[in-house]
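Chain IDs A, B, C and D follow the sequence of writing; residue 1 opens each chain.
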């Protein structure tokens, strides 16, 4: 069968932000799964409901990627160990696999408009200062080297880098032609867009797990269709927003009137540090905010989302939501919840699920933004309801039909 | 059209526990809706999604019922006003309608095995002491009087009385023949069963909003089918359990492993007083408990539900749930929520919704337990998933097909 | 005894913001207490611990005051009734007393730098536009009229108006001479300062229940001592901050290390609307924030306080605090609390307590800022610990010594 | 000076339950403190406020003890490491010190009426089956060996064993004479009482960190006074009860009326397993319950405390308290809190504090139950207020006077 054929050989997964917290969890977690050291908790693709799909085996995934910091993987792992996210035993047992992965990490593009991170890689600074055209070529070359050196039959690029600041939408994003002209003319572009362009151009699917622009701009949607490549995004739905998109339909389903929905998020990891900047916070808040107005079909809804940096919490995102609602007879009621979870441990299995599901769709020859993966994102590329159950049903229906 | 014809004329709704808190909210709330004094918040049957159905108009519902206490409706209303559930202005504005309703309330059956309530009605005590056969006849007669005096074209009986204690299942419940023989022989039966029998026997649909036995026993399911009558139950899903059946599928959908789910309910109304007794609490706890094991497909799940009487909370049920779960890499996380709602204001609109939806199904000639109403109950008569979203989808599908 | 003598006759209490939510609760609550309609819950001065003090009888308090809005007391009361704060029966039963009070309310000073409120009183606008010297005279005259017309033997002025925006401290506040020169020169002053000046000048104690400047500026502290008048403030400690100042000493007392203390406040009343403006919020946040650094003796403490307007909550302030702390062996732990209380019902009894306690001190001839009343304020005039228990102990010690 | 003299030499601390979770934290924590590997977070005796006291140096404390299980210290430590309580680095760095400690652990008394634990030590079973008189002699001998072998100048015995079941108070507890006669006659006694008797008889102070009887019975109070030995107890105040005794005085101090105080505790460690048994839970609940009635001076207070076993939480006690209260005007308000802390990491520093403070008092020649240590206990031996602030003040006053 053709699907089986396409599925044959190993799959290369190229992580942007390859030594960040999520990538670190993906790396050690994948090794742990393959070696049978941990249970596949958090992985939908290992449950019965998605079994019917022809998914790449976890043992056939080869990780690589790029990063703009020189901080080592061991340092990242050490932090996550101390925070109680990564088990020390797992880190010790999978050290060889992690070392092999780290050897495959190359310098990324340091986006000058984003400001340099701590321990910025000089080579990344050099690359980021090149004309955009050359930046794209550099990524393209890195992807080819990764493919060649690992012998994988196909590659998927996943954006796990820090959220980019929100910017004005340039005219050049409106079409592929305009975008390519702008690239020729040297117009600066956010790194996430450059990675997405390079990937799609090379015929590699792109997954945007962040709220950054990535492949969501019209020019790149066009490119994906033209090249027949699948892509998915944006902004992984891991914690508080997930709960929101599960609870909000309950209020609609019971005709209860939500008067106010306040959400307070606290986190202390690198993501939290980046989000301290109002410009970077804006995109994330927009995605978090929008879901409620859609789900509750109330444009006047009083809703507010805050994200505050609380360093001591590090990776342990803690969120409190207060939902004030009205019932029959005007009676005012409330539901409040506190969510406490490790952001990276929540994100990592979704990355593995997405990689396998995007690969599956690509192997079938599906092109463009993937509808059936909306349940994984805060801002699904093709829109549609934010209702998690409805989104999840769509995934199950897709799997059942296969 | 036949449906329209059946739907013509007014619908009589006979409430068992007619002066209790839920009935009081149903009464004043219905009057307020009909007179345009309150918004239909909490009523699914007034939303677009159920519009396609041929539902009885709210103005065409005539309430009546029975109670075993002599406490007046004004007293019930006064309590709910003081508790901030019933708006004083509404009570004042709909006094005439309430008085007319109260005039239609007759003595109920005081079940001797349940123990007498405060302000027990002597006539209810007398009725409850009669041989069961005569008790059934008394209810039957009361229903006929109600129908005749109000001129309604059809009647639905709704059980809103206090939860009955859990008892051993007698052999006589296994078939209609055995049940009727037992009745002839004078075998005592819970009141909820007698009301259900009398209703179904007369060809009137029965709705069991409580965890009591009601029409759920095999004998009465047989009767319903034999007589071609619709019925629905059991145990209205109003608050904490509703939230549970919305959240639990999220954990499954994300392959997160729930380690423990503890639920602590506090309430202070008459329902809470009745539930102080371990025997009465048992049925309710069973229904609350069962949903999680099914939804999480984990028979070993550590789960516990407590219901404690806290008099000062009166009708304002407050529940705290703590969900301990494991994510990827063995990371332990938690979600906790506090629900604060008026139990009666949550239940009352569901009663109105159920009455209209059962009437709609009955008018179509549907007999037996109604599958499409599972979303309203903690223990749906025909079982099926407890997933609120899936249950609600079934209702919407039913409505869309109509 | 002289004290008894001074205590003789009735006490006039002149409320600035006389038709606001707190004043409305003070008015109806006082009437209810005097007429025996409500219990003295929330009133420390009615407990055994303060019995030894020679306090004015509640029946000997005569209320008056000023306001800058034309909104009637009935309107304020109606809102609080609907919000479940003021019992309707109490409002009905004390209507005569409320009407008499309202007749004693005169126009206040509309501070032009604050922006006009909804339903601004034209006469207040006129007064607020006068040269400051004349504004002071106007207040002075109003206080004298109040005293004369009511026949009270002494007057206390209480600031219950909305929080003023934070401003630069002018040089003129540094001494009484400089202040009076500035007044002569027509330098604009916040209304709270003008009320305080007029009160103290007339020899009347001043209580500042808000975070506004009031009598806290050096010039007026000097005036109070010169004139031998008592005063107290600032910013009533009613809810979340009260809990903070009770919990923080627990962590110190157990040598536990607080890593972060996040406080999120939501409220929907007029106070909340005023605090939506960052300038007005600043003073309140400063007071709320400062207490923790002092109590935990950690200038580096990561702490954050937010106040958000959630209109549907109206007077029901809801606050969530998350305290992240470290114990032995570096173990990270947490305490989180949700506070839900009616802001006005919490403030009103403190106003009555303060009035009686300030009057008691004044009758003894105490001048200047009152140390022993620190437990009532977020920012006690004379500083000292914010530890509620220590502050309360000081009040009990004062009472015990009397 | 005499105090200094008595304080000279090293102090032996003999832990009953020497390989339990608290003892394990005490052992590794003490080693870590002495070697400068961890900060003294959670230790009051290392804060400025208690500096004036002549406390034994941490480096001069020698630990020993007994246990009834054969489970090794390494196993206990491993569990606590995995639970994120004990840092792995600390365990590794202090292995030698831990091994030396473990070598000093001898078999304890297995109380037959308590039921045998998992991995019960056969020698402990043999000892527990001896006539009580011989059991006492065995403990006495063990204590002497410990003193001799370690060369310490004095010994303190600390009960850290699991809570004992609540029993009828025998007549023999009423006086020392009666008790000793009963011992002669072979009357069975709870182990905690035998340890306390042996310690006090030998002139060694006894600290009861559990709700078991220990030295609290009249016979042993008499013995302590007769022998001039200090003792302290009962039931360490570590978590939820600590918060209760801090918050309850706030309500009294503001004259707010507590309507209900519900406390739900969940834990999963050995303590939780023991407390699953209603008999064992009773003593703990009594202590937790009693504090509120005293603090709120309301014998009618509606209060309830639950302790539920939730295995997945292991050492991480999680408690939710809901406090329903009434303010001015009858307004109903609430405060709820969630406490999440490692029970053992909270208890261990209190044990070290207690040992040093009891030693200090003993060195001064203080005999009997120590009043100034009430702040450490849920049920202080000499009673008095449960108000943590007042208790803590007493300790500070004691320290300041020294």
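Following the convention adopted for this analysis, a contact is a pair of C-beta atoms (placed from the backbone, for glycine too) under 8 Å apart; a residue touches a chain by one contact, two chains touch by 3 or more.
Note that this is a predicted model, so its numbers are computed, not measured.
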item	value
Between B-D and B-C, the pair joined by more C-beta contacts	B-D
Same-interface partner of C-D, chosen from the options A-C, A-D or A-B, over half of the pairs matching	A-B
Approximate Å spacing (C-alpha centroids) for the pair chain B, chain C	49
Chain A and chain B, separation of their C-alpha mean positions in angstrom	45
Euclidean distance of C-alpha centroids - chain B vs chain D, Å	50
Chain A residues counted as touching two or more neighbouring chains	84, 326, 334, 336, 338
List of chain A residues in touch with chain C within their complex	259-260, 262, 264, 266, 302, 304, 306, 308, 310-313, 318, 320, 322, 324, 326, 332, 334, 336, 338
Chain C contact footprint on chain D (complex, rising order)	25, 28-29, 32, 38-44, 46-47, 84-87, 90, 242-243, 246-247, 249-250, 253-257, 326-331, 333-342, 345-346, 348-349, 375, 387-390, 392-393
Chain D-touching residues of chain A, taken from the complex the two chains share	84, 88, 338
